[in-house]
Amino acid sequence: MSIVLGPNQYGKAETRLVRIYRDTERHEIRDLSVSTALRGDFDAAHVAGDQAKVLPTDSQKNTCFAYAKEKGVGEIEDYALALARHFTEEIATVTRAHVSVDEYRWERAVVGGTGHPHTFVRAGHEIRTTAVTANADRSAWVISGIKDLVVLKSTGSQFTGFLQDRYTTLAEATDRVLATSLTARWRYASAGTPAGPPEGGWAAAFGHVRQILIERFAEVRSLALQQTLWEMGSAVLAARDDIGEIRLTAPNKHHFLVDLAPFGLDNPGEVFHADDRPYGLIQCAVQRDDAPSTGPAWESPASFA
Amino acid sequence: MSIVLGPNQYGKAETRLVRIYRDTERHEIRDLSVSTALRGDFDAAHVAGDQAKVLPTDSQKNTCFAYAKEKGVGEIEDYALALARHFTEEIATVTRAHVSVDEYRWERAVVGGTGHPHTFVRAGHEIRTTAVTANADRSAWVISGIKDLVVLKSTGSQFTGFLQDRYTTLAEATDRVLATSLTARWRYASAGTPAGPPEGGWAAAFGHVRQILIERFAEVRSLALQQTLWEMGSAVLAARDDIGEIRLTAPNKHHFLVDLAPFGLDNPGEVFHADDRPYGLIQCAVQRDDAPSTGPAWESPASFA
Amino acid sequence: MSIVLGPNQYGKAETRLVRIYRDTERHEIRDLSVSTALRGDFDAAHVAGDQAKVLPTDSQKNTCFAYAKEKGVGEIEDYALALARHFTEEIATVTRAHVSVDEYRWERAVVGGTGHPHTFVRAGHEIRTTAVTANADRSAWVISGIKDLVVLKSTGSQFTGFLQDRYTTLAEATDRVLATSLTARWRYASAGTPAGPPEGGWAAAFGHVRQILIERFAEVRSLALQQTLWEMGSAVLAARDDIGEIRLTAPNKHHFLVDLAPFGLDNPGEVFHADDRPYGLIQCAVQRDDAPSTGPAWESPASFA
Amino acid sequence: MSIVLGPNQYGKAETRLVRIYRDTERHEIRDLSVSTALRGDFDAAHVAGDQAKVLPTDSQKNTCFAYAKEKGVGEIEDYALALARHFTEEIATVTRAHVSVDEYRWERAVVGGTGHPHTFVRAGHEIRTTAVTANADRSAWVISGIKDLVVLKSTGSQFTGFLQDRYTTLAEATDRVLATSLTARWRYASAGTPAGPPEGGWAAAFGHVRQILIERFAEVRSLALQQTLWEMGSAVLAARDDIGEIRLTAPNKHHFLVDLAPFGLDNPGEVFHADDRPYGLIQCAVQRDDAPSTGPAWESPASFA
């Protein structure tokens, strides 16, 4: 029995890159956090301290910046694919590259009733994400997503008929506030060799999925957050053949009804305490039965260890 | 010479309160963080440990919740005034009450092209604020504000002609990205005895000030963040007689142009690194020369110690 | 082809539990954040909204609190094992329970030169962790760990001889500051059926591993963070037969030498800028060649999606 | 009536500076966050956009780094005084400089039972602070402090006999957990013209004050957090003639006793839920009656607006 190196990866995390398009007077902005993670022939770097096969994380950062100029940052999926393929194709020792990108939204400042050509206001709470995995055999996966999408419904949610054990004190709720900060990630089935954008493009697909998620959250009467997530996820798959799987993570942001009776007041679903911790955490994947989840595509620096 | 108790205050900070208006099928939501701080006759509580004059912070929290039902949460300024006056008028030992409120914005979820009656999406990065001070003599100040308003202009900003000492290495910039996360707080002159809302109401005044701030940020060619803040603040005072003073705090969120020359690329204001720390921090007040700043009105738990 | 429910789990995250032992005048304290995640027969909860098999997350939280009294919180591994086994053995619909615990360190306040019986000062930056997985077949894994262990060496680190591509501008460093905020997680080989503590107990094993990690970080001349991690991880496995695998995640907290030449000053490794982002992120597993990594044991809510 | 510029200041915030002393094989480390804020003749910079009198914040940052070499970072108070005086004495347009420094603690790694010469482990939760104000007339104040000092006592605390109003539901507590994350700031009376260190030096004074604060927290039976703070603060002033005032800010980190009765368990002060928000926030100053608080000394970027 001997001690051996197991799975390993390395890269540059959270490079904060802003790309301005200023070809016309009406500028455009892309605001990104980019993380790279490479796998490959790095045993000697660990075991012998020999760095001859190791591309510095500083060079990876430089590449992120240079590619923002060379390839541009049209859609984050294309940008991440270009970066990931660069690493697997140009760096001989890299067998797999994982590039994840968070995109922060900006809106044009409205001045005199119209969008300003070069002034922007940071918009929205939510972040558009992508995570691309490219392999030396030229296969690739694209997972796109959204995170920090905070949604709340003030009625149309219940939680009843649950299992009770000796530690259960929760009362059934027939009308409660349901709120979550949704993280959703979906894998494009079209990705592969080559991985290309869905029909209509990445941005349109993102907007479409986001809209479906919000509409189902709004319209489905919630019997539990699990059921709501299922309805949201399965609606996405039903609407888009080009998505093979979606994973949803939803903290149950508890809104507790405040007892106002000691003050002679009733509280018919009007005044709530929004609690921080602990919180329910509900997670599920919705898949197609002929397209099982492909493990590597879901890997990320956060999930590694 | 003896040791004495100096200024002191106490209260309940960051009560997270959500108020749902559900009188019709079209619900409304108010999402707040409320902090209270009381001053008064509390020497014995400190020096002798006698709590007979101390209203527990738990009771203050209860009052925040109860008032959300009793008085409602129409505008945060009215709600904060009601709370502050309750403490000074109903609790004999309180001589001054400070109530600050952060309001988080929500938008209706758009479903089938129209706003949903009871589903909301957390909107925007920015937070609307108020800080109300009420005194036992019935005088009151209202300071309203905005924070975390992140704005960026991709041109129309320079920084030249500055003082140079032996530690100066900064090059002059004739065209740079200017970005900040603005905190603005303005004191309503109309507040006093009694402190009432500005003409058109608190919300309209808030929207008006916000719009002026953004428009001036967009339209003024920036010679420095100091000058931009002055132009923003003085425009607010010029437009609204009912505001006596405005204070602005603006971190200079540096966007450094990346040197792409080593890669054979030029970078004419296109690719930037958005740095975290350190950051410039520019702060100023804009006042009327006949209405000097009133110290107490600006006090907050954060500024106390 | 149809749409199906994929992997799913749910639980209560970040229950902040403090347990005081006060059987004698010399109190003891345990300060924990506990998260539970259950897997099992929950298809109907998702697809049909039928909660009959779902133990509420509120009940899970209650169990965390009740077990702190019933079973106590001696070592976090024992407490987590007891909780996890409770869920798989007592709740018929649960097939796998994952319980993770963070423990915050406190030291006795030193008063008059001696440890105070009931006053404590929060100690240290680092957090002791465990993540236990129990299955309905009574098998179990125990992964213990440490996170936020911030270490720095001011010499004895170099980075030279690395691969260079067209985006490489980094200079070789023959003497640099090496700093990281280490996360380490190790799987006890002794865990299984039944999973019992290592010889000497969980706390002693934790202290032993922590000491080996720090000593190797200090004593190995670093040729790269990869090699340092390998040396740290393999030393742990060499010293303890009862650990089957260790995973290390190490952000390279860059300390950049400041160029003081413009001010007529040299800077021979004395003044550094500690940068926030981006950062290198190095991750590896060290294993035994006859004990391959067992996937499920490493799962956590963070890694799920 | 006209619109005028009010109080204003600007500087560079949160420069993260690490200074290594490597004159012998046994290295020393100082790890700082430095913020500067200048006041002076900056009207033209605001009103006319004329930067001729404005020292760039970038130059201020450079000075922080250069002074770490030129003057060294022995004690943060001396370093901050040197910086502040540099700005008021060397930059003609500056009338007041405010320099605040946070110092992060490191301990030597213990290797083979002894402190390692060049490897350090980040220690403690708490941060040592200083805030120095220097004026062009050569007067200066030094405020030193501590923040994030988290302390807890598991008995010896009660809260009874408090004022009750119609919103009071809190039960009296005769034995509760008392915990806080203390911020303390004390003004050295010795500071002035010139401001010199207290007898024994800044570090010894810091250690002395910290020890008094902890001992009083431990030994005083708490009748309320207000009384505990008073006892802590007045003990500091009683013990040290060279301190003119101390300000204490203490969030009451509530530990709520969990009701275990539904599970057939008693809970005599053993199992608590450590809640996040809301929290009580208690603040007071303890002064000498012949040395009233000097306003400017307490100013900080955080308190400005």
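Note that the chains take the letters A, B, C and D in the order they are written out, and that residue 1 is the start of every chain.
Going forward, a contact is a pair of C-beta atoms (placed from the backbone, for glycine too) under 8 Å apart; a residue touches a chain by one contact, two chains touch by 3 or more.
From a predicted model like this one, the values you see are computed outputs, not experimental measurements.
Both chain A and chain D are touched by B, C. The most distant chain from chain C is B, comparing centres defined as mean Cα coordinates. Centre-to-centre separation of chain C and chain D, using mean CA positions: 31 Å.
Measuring from the averaged C-alpha position of chain A to that of chain C gives a distance of 24 Å. Contact of a single residue of chain A with at least two other chains is seen at positions 15-16, 62, 66, 167, 169, 262-263, 276-277.
Residues 15-22, 27, 29, 31, 62, 65-66, 68-70, 106, 109-112, 116, 118-126, 149-156, 177, 211, 214-215, 217-219, 255, 258, 260, 262-263, 265, 267-276 of chain A are the ones touching chain B in the complex.
The residues of chain D lying in touch with chain A in their complex are 166-167, 169, 262-263, 276-277.
On the chain B side of its complex with chain D, the touching residues are 1-16, 35, 37, 42, 45-59, 61-63, 66, 90-91, 93, 159-165, 167-170, 183, 185, 223-227, 229-230, 234, 237-238, 245, 247-249, 251-252, 277-291, 293, 298, 301-305.
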